[in-house]
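Next come two complexes, and both contain subunit A; in the first it sits with subunit B, in the second with subunit C.
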Partner chain A sequence: MSIAAAPARPRQRAARAVLRRRGGVARTPLGLALPVVAALLVFSAFPFAYLLGLATTDSTLARPLQGWVGTENVQAALRSEAFTSSLGKSAGFAVGASVLQLVLGTALALLLRARGTRLGWAGVALLLPLVTPPVMVGVAWKLLLAPVGGAFASISSTLGLGAFNPLGSSTGAFASLLVIDTWQWTPFVCLLVYAALLGVPRELVDAARIDGASAWQTARHVVLPCIAGTLVAVLVLRLVIAFKVFDIVYVVTAGGPGFSTTLSTFEIHREALQNFQVGTAAAATVLFSLLVGVFVTVVSRLQRRANGVAG
Partner chain B sequence: MTRARRWPSAVLAAAVAVSSVPLLYLVTLSLRSRDDVLSGGLLPERLFWDNWPDTFATLDLGRFLLNSWVVALLAVALTLALAIPGAYYTARAGRPGERLAGLVMASYCAPPVVAVLPLFFLLRSIGLNNTLPGLALVVGLANLPVAVWLLDGFIRRVPREIEEAAWLDGLGPWGTLRRIVAPLAAPGIVAAGLICFFLAYNELLFAMSFQQQTSMQTLPVALSLFQGDRNIEFGQQAVASLVGIAPVYLLAVLAQRRLVAGLVAGGVK
Partner chain C sequence: MTQSSRRDFLRSGALLGASLAGLPLLAACGDDAAATLDPSKAAKLDGVRLKLLVNQPNLGAWKIIAADFEAETGATVDISPFPYDKITSQAIRDVQSGAGEFDLFQYWYAALGDLADGGALEDLTSYIDGAKDINTGDFLPSIYDTYTLFDGKRWGLPFDGDTFLLFYNRRLFDRYRVEPPTTWDEYQTVTAKITKDSGGDVYGAIVMGQQVPIILGCTFADRLVGFGGRFVDDAGKPQLTSPEAIAAAEALFDVAPHALPTPLQTGFDQAIPAFLSGKAAMIEFWTDMSVMASNPEQSKIVDDWAAVELPVGGSNTKHGTSLNAGFGVAVSSASKQKEAAAAFAKFTASKKAQEHAIGEFGTGADPIRTSTLKSTAFKQTFGDAADAVAAGLSGAPLAWPNGPGAIDKLQTLVDELALGLQGKQSAQEALDKAQTAWEQG
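Moving on to the complex of A and B:
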């Protein structure tokens, strides 16, 4: 980038001409990419091809790929109420969690930025939820929310508010998962947005304030457009990660009560490794990845448009 | 000025309090007997230390912790070995590099549950199911996109002039990577390695799908299975959780600056 700007001595200039003739650094050999390409083949291409095979054949855990069954597995997956309803719940969870965390994380980042340009102790406080193993997060929250002996239940009964058991109701359990995920991931959003805020030119903000803009107006009309690209990028990333959520469902609600918190990842895992319906689970996985693919593609389009506006 | 600065600090202090509640609660639980917990209240009536030895007696925590560390360290080694040359390629190879970066990110979008069944059969056919290296292999590959994404940002910041000089002096691409680029990007490699360590150490889905034998389980798997349906052992669950959390918190606090820098370098490009 800055190469052209630096005044080059003749010898260097000649050397650079040689590089350029051979394609410059752009002729970085393909060999460097081979390990990653091989990894992608093993971890992405092979599983997807194999999954298509499992989805269209008769399989058990002991003997996979036994005989062609066409769309039977897909039909079985679509007939399964637990699976089809899980798609909506997964999408609702991913969108709800990502948007909630984007709003909270951005608000916290603005406050942190108002405090100064150094994170200090806030950096540690932000990191800890992020690195806590999700299983342990789930265990801690499950104990906090326990109807008997849980912290919230104790507080509620001390205040005379009666029983407190969010995990016992459908909406309560779903909301609890959202709260737990938000507890864990808001710091991630906050850190990335904070970093973007550090990149907003000081002069822009000062100029707006001198022109009489209020703090809110400055944030809304000066700062926000500057970080719009980052915000959308973070939203995409969070959506992708939120579709993968499995651990806290497994630990905190196990999909219940009923099927109210059975997200697709949990349902697929249950179908494959507890019910041993390998073919149906594979077909369900294909359908679920299609859903995730559509979501990510749509939001990435939005991202490109946002970048077009901002940049 | 001081007034304007005070209320953000108050809100932030509240946020920090919220973020530490679950951990503090685990600490108090670990020091309370079951009757004490069930009778309500938030703090121990009197300190009850038995949970600690009891937990180690019921659960083979040492074994699970060791398994988790072995898997996480092997996985990080694999991830970095693949990601460092890969990120050098995505950062420096121009158009083809960007195309590879796009492919890597596309693979990251797929939920890991997609790979569970196929890799289950693959591991079994090569005899690596129920082994720590087998799990490390899968987890290491799973974290590759994260590492490439983070390292790409760091390698782009290495001045190209130094690299070009090394090329001209006949070091070649691998030599330049090993002797010039990797040392200059070392802080980024450490940050990416730490982040991948946390991801590998915390991983549940693959670990519980591939490790059916109790002796090969990692701590998150063991803990996820350690939940009585009727009699919740509050104190013991808290102890087991704290034992699992302690090493990652220690690492995170020690490497705080690098981690923040690593996340930020990846996130803002």
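Moving on to the complex of A and C:
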């Protein structure tokens, strides 16, 4: 049913006063969209146009947009081992952190839901990591993980377990970032999933139990389909946020040791603001955006399927 | 609105965006036609407010000098400290964005080419030439040109003449019965012995290897000058694959396993407390470590430290030092009161201001003038380290590159060295790659 064909109630008539008919389709006057268009221009189109301008010109921090260089900056970014390897590390970090947090957050939410409908002190505890600024999270964990004088190193030494320095090795440093990110973001996942769980109809769960379904079968075949859409939406959100992680890398590992934890965001920052090669950094940003786009597209398709299941 | 007019609207928006994109560039170009500064014309200073971007570790010195300047002229100086690794980008962005918030910049001399070439600095050539009271002949010859000269022009005045010494903990040396090393081989032996004999209680040395030029670059430069190598030759050709440079990198990689864990994680914030708490026996550091080590409020080794010149290596027997870090002061090209800013720059580099800053503890100031090296203030502040500092600065210290792109090149060098420290490549491989990158520019 089109708007034009709808029965004309007083409020609808008033609303239709600002509509015009064009070819049988009602359109909102473009003037009403101006604030949105202006906002998009300022916050989206302009930065993107500027980014493309930097990526295709000879640009340093001091002298941007010096002259057209075509794809030279893209080629320079692709020649940079630090950047190309950072793409894989960023993808690994984002997928690893998101999946880990989704599993842990969902498990935690199921446990909390089993306790009842009120979070109580658990809610406060869950919010603490979320409301802590990422820089402070990084500083706190850096102090905890310091090889000399750090809390974990001291405990390890006291227990006679020898040196404890995860940030000194490639694997340890990467794992440490995953742990820190998981510490901060699992509560976010937990809270969203918990809210979704509250929306699962009680009668469905009761019916499953009456039919003899075990707790696992109930969770797998009744609860999970109900919250599948939320889970995938949370996964998309976490993926995007995890791809953008910068603060904890900057504070805790500074991309090291070597390039072991140099994720793309950190490498782009380094290229632009430490090496002043803004053109290459802009090209790297475009390439990185494409990578993020691929991942988000794939997961968005999953979301549509999940919504289908839920529906 | 029709489909075509909608497209027109969007097209106009895109053009507007593209136009806006060019605004910062236009703003940056606006000051190119600045008038030449005239030192014979007395700058109006009374009531003037100058804004200054400085390197945070030098804040103490700036406060003293600014107070003297304010008392003498009636001007006001607002000081904004920034971390050492942010001052260059902050200065460039201040000018390039058109903000023009600062009148003067303290700059790292290795960034001089990037700043001058980027249009961030005012050309002070004629001003300095005309201002005889600056007494440029008193500036340390090893510092003056390196810190201020680029492309045949003077862009600033020296402010802080940083060099490194090898500091050691006498009590730990006595306990483990070792002598201060004079060669990098001895340094390696002493480091390994202390770390091994202490069973992990203390470490033989602190090797600062954080992957930024001003840290890992300094650590490499200490060894490079010790082995008699250079970054570039007189013609500017990179010399990173010379036998001396390879030996320097090997010496760095070899000591890493015995140093405070781990060199790649070690920057100022780890190194300083570790040495001052007696957790490590040696550290190569800026000369102001002598001030920190003597301060009972932050040091547990007040009576236990000493300093010697950096070791030598290979066939080189002449001790030297490298101009690690080191800062100048320049007038921003975006300043709206350049005469006053230049007058303040001149004041900061004066004999009187320098001696006052150096005579106080914790200012982070180091000599830039020959007369300062001979002053009582310098000898009192630097104590036992004074002779070693004077010897290093009076000789021919190793200068770092300071042309356009130098920061990028230095970052490439430390990136490759970091991979070497991580055990992922040899010294030869690391420096081959760095040499290639430097040659490609």
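Methods note: the second predicted complex is superposed on the first by the 274 of 311 C-alpha atoms of A that agree within 3 Å, B and C clash if a C-alpha of one lies under 4 Å from a C-alpha of the other, contacts with A are read in each partner's own complex, and residues count from 1 in each chain.
Definition applied: contacts are C-beta pairs under 8 Å (C-beta built on N, C-alpha and C of every residue); 3 or more make two chains touch, one makes a residue touch a chain.
What you see is a predicted model, and the numbers here were worked out from it, not measured in a lab.
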item: First, second, both or neither for A:259, with subunit B first and subunit C second; value: second
item: Touching partner for A:82 - first (subunit B), second (subunit C), both, neither; value: second
item: Which of subunit B and subunit C A:246 touches, first, second, both or neither; value: first
item: Which superposed partner A:50 touches (first subunit B, second subunit C, both, neither); value: both
item: First, second, both or neither for A:41, with subunit B first and subunit C second; value: second
item: More subunit A residues in contact [subunit B versus subunit C]; value: B
item: Contacts of A:64 with subunit B and subunit C, given as first, second, both or neither; value: both
item: First, second, both or neither for A:147, with subunit B first and subunit C second; value: second
item: First, second, both or neither for A:128, with subunit B first and subunit C second; value: first
item: A:277 touches, of subunit B and subunit C: first, second, both or neither?; value: second
item: Doubly contacted subunit A residues - partners subunit C and subunit B; value: 29-30, 37, 46, 50, 61, 64, 146, 148-149, 273
item: Subunit A-facing residues of subunit B, complex; value: 4-5, 8-9, 11-12, 15-16, 18-23, 25-26, 29, 37-38, 40-42, 81-83, 85-86, 88-90, 92-97, 100, 103-104, 107-122, 138, 141-142, 144, 148, 160-161, 163-165, 167-168, 173-174, 177, 198, 201-202, 204-205, 209, 219-220, 223-224, 227, 232, 234, 237-238, 240-241, 244-245, 248-249, 251-253, 256-257, 259-260, 263-264, 267-268
item: Touching residues on subunit A, where the partner in the complex is subunit C; value: 29-30, 37, 41, 45-46, 49-50, 53, 60-65, 82, 146-149, 163, 165, 167-168, 170, 254-260, 270, 273-277
item: Parts of subunit A lying in touch with subunit B, wherever the complex brings them together; value: 3, 6, 15-16, 18-19, 25-26, 28-33, 35-37, 39-40, 42-44, 46-48, 50-51, 54, 61, 64, 108, 111-112, 114-115, 119, 122-129, 131-144, 146, 148-149, 151, 153-155, 157-158, 183, 187-188, 191-192, 194-196, 199, 230, 233-234, 237, 240, 243-244, 246-247, 250-251, 264-265, 268-269, 272-273, 278, 281-282, 285, 288-289, 292-293, 296
item: Residues of subunit C defined as touching subunit A within the complex; value: 1, 6, 9, 13-14, 16-18, 20-22, 24-25, 28, 85, 88-89, 92-93, 95-96, 114-115, 117-120, 200, 210-212, 260-262, 264-265, 270, 273-274, 279, 407-408, 411, 415, 418-419, 421-422, 424
